[in-house]
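Next, two complexes with chain A in common: one pairs it with chain B, the other with chain C.
Entry: the complex of A and B
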């Protein structure tokens, strides 16, 4: 078993002050269980302090370190060097920012712009359904919860949006759709109509072509395409 | 050819890379889209060619061009997007409308059945001597297609999707068997597709006229809605979307009218 790898990282960089894009190559030796965020940090420490990248929790829960590695949208905090070498069969990696929003600098994208699509579907309860009796908490049966609990694990890392066959300019994106579908399936929510109008709008479900790339790349292993198909079928409003 | 041998070719290598980073259904989605655009283009050419049936001599003159070996090979190649688009469309119907989640298995069947169809069609084209009753052939196929269409309509009743989206799926269900059958039927015997008198005699039957009309209207709507969907994926401006929809509607109406006139006037 190899304990370290000689890696070549080709990173797409962007300088907003000069409005210049280029690809910069970094050579580095890395241990097999180092993560890609560790590689970026190692580059900052040892080679180039100007390389900008984003991360927050670094435990696969916040989705802020998403990048495209050899074309595949992934969380840089979850990808180990050894797994990447095995998956791509190479020690050379091309790393780019996600194409879902404009680039602020290097691997950092404008998250406000990306989140604007999520905001459109109002990913919160608008009109809470009243519980059966005053003072009681609303209860969801395990059967009801089973239908959509997987979808609630979405961390909005935008990997699904980046992988989707539809264009990022016209489709709200699989994660925004998922947020809308969750609230339609949620029995605690009374306001369904607004979400249904968004789901069945020209920038909604009609832009999904069931390419299932969203499910394939989802770091939380959510079958996003399954929920999109349920929406098309009309199977999200039965509860 | 093993996958490592195949990966020597740049295009194949690109497909394998796409498969690795986004999965087979993604690659198949692109293939579905490309085959759909190819078939929509061919459809307009096909209607234009058939419109000359009103002048049998001119039609047969045109058909002489397609009797040589190379055009016959090209016709067989055309069956690749036809059968793939039809069967993969069936897979999408099962996934989106009928709730099938054993999609990988169905995808494998799409490939196997496409191969079988191409082989069968190739054999019939090479033999070119098959006899079949048009009314029997189309009664059987139309009944099966109407049944599957009815099942699709039933499943789509609860969907909140737009009428256009639903009609796209309903037309897909109808065309799933009808289009591959149309292609197979036309190549059972060269006379069935190239001899103007044989075609005119067949189309004089009221039932065949009805089948041809349904086929024409179904395929025109399906192609127009599909092409519009691709444009709408990339056009963000509402004005551009309206103009694009208008152009597609006008073009499809013109060609539908050409086809209807031809079918009715024979």
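Entry: the complex of A and C
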């Protein structure tokens, strides 16, 4: 088994002061279970302190580190060198920011812009149903929760949006749809009408043409397209 | 270039929250619920509030349902007090434990997706150190959302604040607290995306900046946890309480240091050494794997020190095993799916078939900015700073004393977050709470030294070396010698950092500039930790001195560490609140300085 690899990273860069975009090549040697965020840090420490990239938790929980690697949207903190070499059959990688918002610098995008679509679908309970008695929790059976719990696992990494060819302009995007679908299926939400209007609006789920790219790239392995399909069939109402 | 180091704009709000993690958002949500229309600003270092560290909390949230016939808040208080190694403040313990269930309902009613039992009620699980009948047996006390409990809290409280009109400033970093004559007027913040400094004036300011784990190389904490809030307080002349109280999680995944949740042990995972011997029975005969973290961390470290560890060939890091192979598929798939996937993703192992490598990893800072039981910040003379509050991991009220029980941190966020809101609302309504424009006179000098530095040092390398040094010298086991070495090393690193030039002097999204600023924060916090640890010649909770292995009554107090000027740290003390003991009554003797044995 190989213990280290000689890698070539071609990284798309952007300098906001010069308004200049270019591709920069970095050569580096890395151990087999280094993550791509470790590679970026290694570049910062050893070659180029100016390369800007995003991350926070660095273990696949927050969705801050999404980039496109050889065209595929992925979490840079989850991709191990060894797996990347196997998956892409190459030691050369082309790394770009996600195309879901404007670029601030290098691999860092304006996340606020991307999130504006999530805010639009109101990712909270608009009109809470009162629990059976004051000071009590609602009772939700595990079966009922199971119907939508997968959709609640979304971390808004926007990989699906980046992969969804339909999402760029008018479509709110698969992850925004999930956020809306969750509250349609959640028995604690009373305001279903407004939600359904959003889901079936001009920018809603009918923009989706079932390519399933979202499910394919989702790092949380959520079957996003399944929820899109449910919504299109009108099968998302709660009890 | 330095011409840009001026204040580009002055903004005004009612409540400024520095941070947008669980503590910050719970506080903000309460302010907005009680005062609709109030202007609440929240700053984050990350790209969006949801990316805050709270989102990674896995295991659960301790809270006693008052109707639970098998449990009681008194038991929870006792466990917290005992777990803290008798250094928590009992008034705070009482407040938090008693208001816990109400906060669970707040979250549930607002849409948090708690895991459910067959009847559709909130499921509960056991957790290390949580017991019934004063240590008799472990108890089902932690509610949870699969292994995404922190994410549930974040999604819910972020949603509520969004619904009620908060204003977020993402990637906007507080760089100086505005404090004068024991009053806080807000902060200076650096908007990273457009490279501007702004002054934010607020009637009340809440520090909720989270942990400081990046001080150590092997840590479960996120990249942004550089102890900024603590450093801002130190720079403003305020003390940090119990900085030496740093928790090391027993089971970090070897390599990146990622947390393998305590849940692995609570669902029945067994720790084994090189000879596959289940060694916990030798350290905590009764609780075994479920003993509190510090005991388990020291047990693992001892196995490793005595040659019963295994060395991982890829990382050259010694570790022990956690064995999950005997657990049912249902446990693997329903109760620990996310954590099992970490082993798969980061070390390519299958928890159903393989032994998994773990070792202690820095995890939580019990110490923090000293506050009273309502989150009001105190100075070294224990006088309140008007209009300044601290809550969450950056604060020390102190609920955890010298050792935090698992599931008690995110409980603290939601209970204290609400309490702080209730405390500051009357304050901002009062005459006294009007805006006060205080000059910010330190940030420009600090940033211009960074921008103008020349020499041959490197910010990244100094930072790496410091973190490795802290993991080697000031972690699970400490001695006078290692601490003195650490202090010397930190002083030298601080000097060297002044000779580290920046590769680029732009302000916008210049990560090296931010790293440079964070390096100063890390060095200050590391210095406070090391000096306080040197001073405390005893062992207590997570602070373990090889040269003084016993707890001593003469140290029954909280440390207050102030930084006169780097590297000089002044040590003061604060009494431990013993009000539960002092109240007399049934079981009060449980709240005396008891022995911490499991």
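Note that the second predicted complex is superposed on the first by the 237 of 239 C-alpha atoms of A that agree within 3 Å, B and C clash if a C-alpha of one lies under 4 Å from a C-alpha of the other, contacts with A are read in each partner's own complex, and residues count from 1 in each chain.
One rule holds in what follows: a contact is a pair of C-beta atoms (placed from the backbone, for glycine too) under 8 Å apart; a residue touches a chain by one contact, two chains touch by 3 or more.
Source: prediction; values computed, not measured.
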| item | value |
| --- | --- |
| Superposed partners chain B and chain C on chain A - clash or fit | fit |
| Chain B versus chain C as contact partner of A:156, first or second or both or neither | second |
| Partner chain(s) touched by A:11 [first = chain B, second = chain C, both, neither] | neither |
| Chain B versus chain C as contact partner of A:67, first or second or both or neither | neither |
| Which superposed partner A:176 touches (first chain B, second chain C, both, neither) | neither |
| Partner chain(s) touched by A:121 [first = chain B, second = chain C, both, neither] | neither |
| When both partners are placed on the shared chain, which of chain B and chain C touches more of chain A | C |
| Superposed arrangement (fit on chain A Cα atoms) - minimum chain B/chain C Cα distance in Å | 18 |
| Chain A to chain C touching residues, read off their complex | 3, 16-17, 31-33, 35, 41, 44-45, 48-64, 78, 80, 104-106, 108, 110-112, 115, 119, 122-126, 128, 131, 135-142, 144-145, 149, 152-153, 155-156, 183, 186, 188-189 |
| Touching residues on chain C, where the partner in the complex is chain A | 46-48, 50-53, 55-56, 102, 104-105, 108-111, 113-122, 146, 148, 151, 155-156, 158-160, 162-163, 170, 193, 222-224, 255-256, 258-259, 314, 342, 345-348, 458-461, 464, 502-504, 506, 508-512 |
| Chain B to chain A touching residues, read off their complex | 17-18, 20-23, 25-26, 28-30, 32-33, 92, 95-97, 99, 101, 103, 155-162, 165, 229, 232-236, 241 |
| Residues of chain A defined as touching chain B within the complex | 70-72, 87-88, 163, 165-167, 169-171, 196, 199-200, 202, 205-207, 209-213, 215-217, 225-226, 229-230, 232-235, 237 |
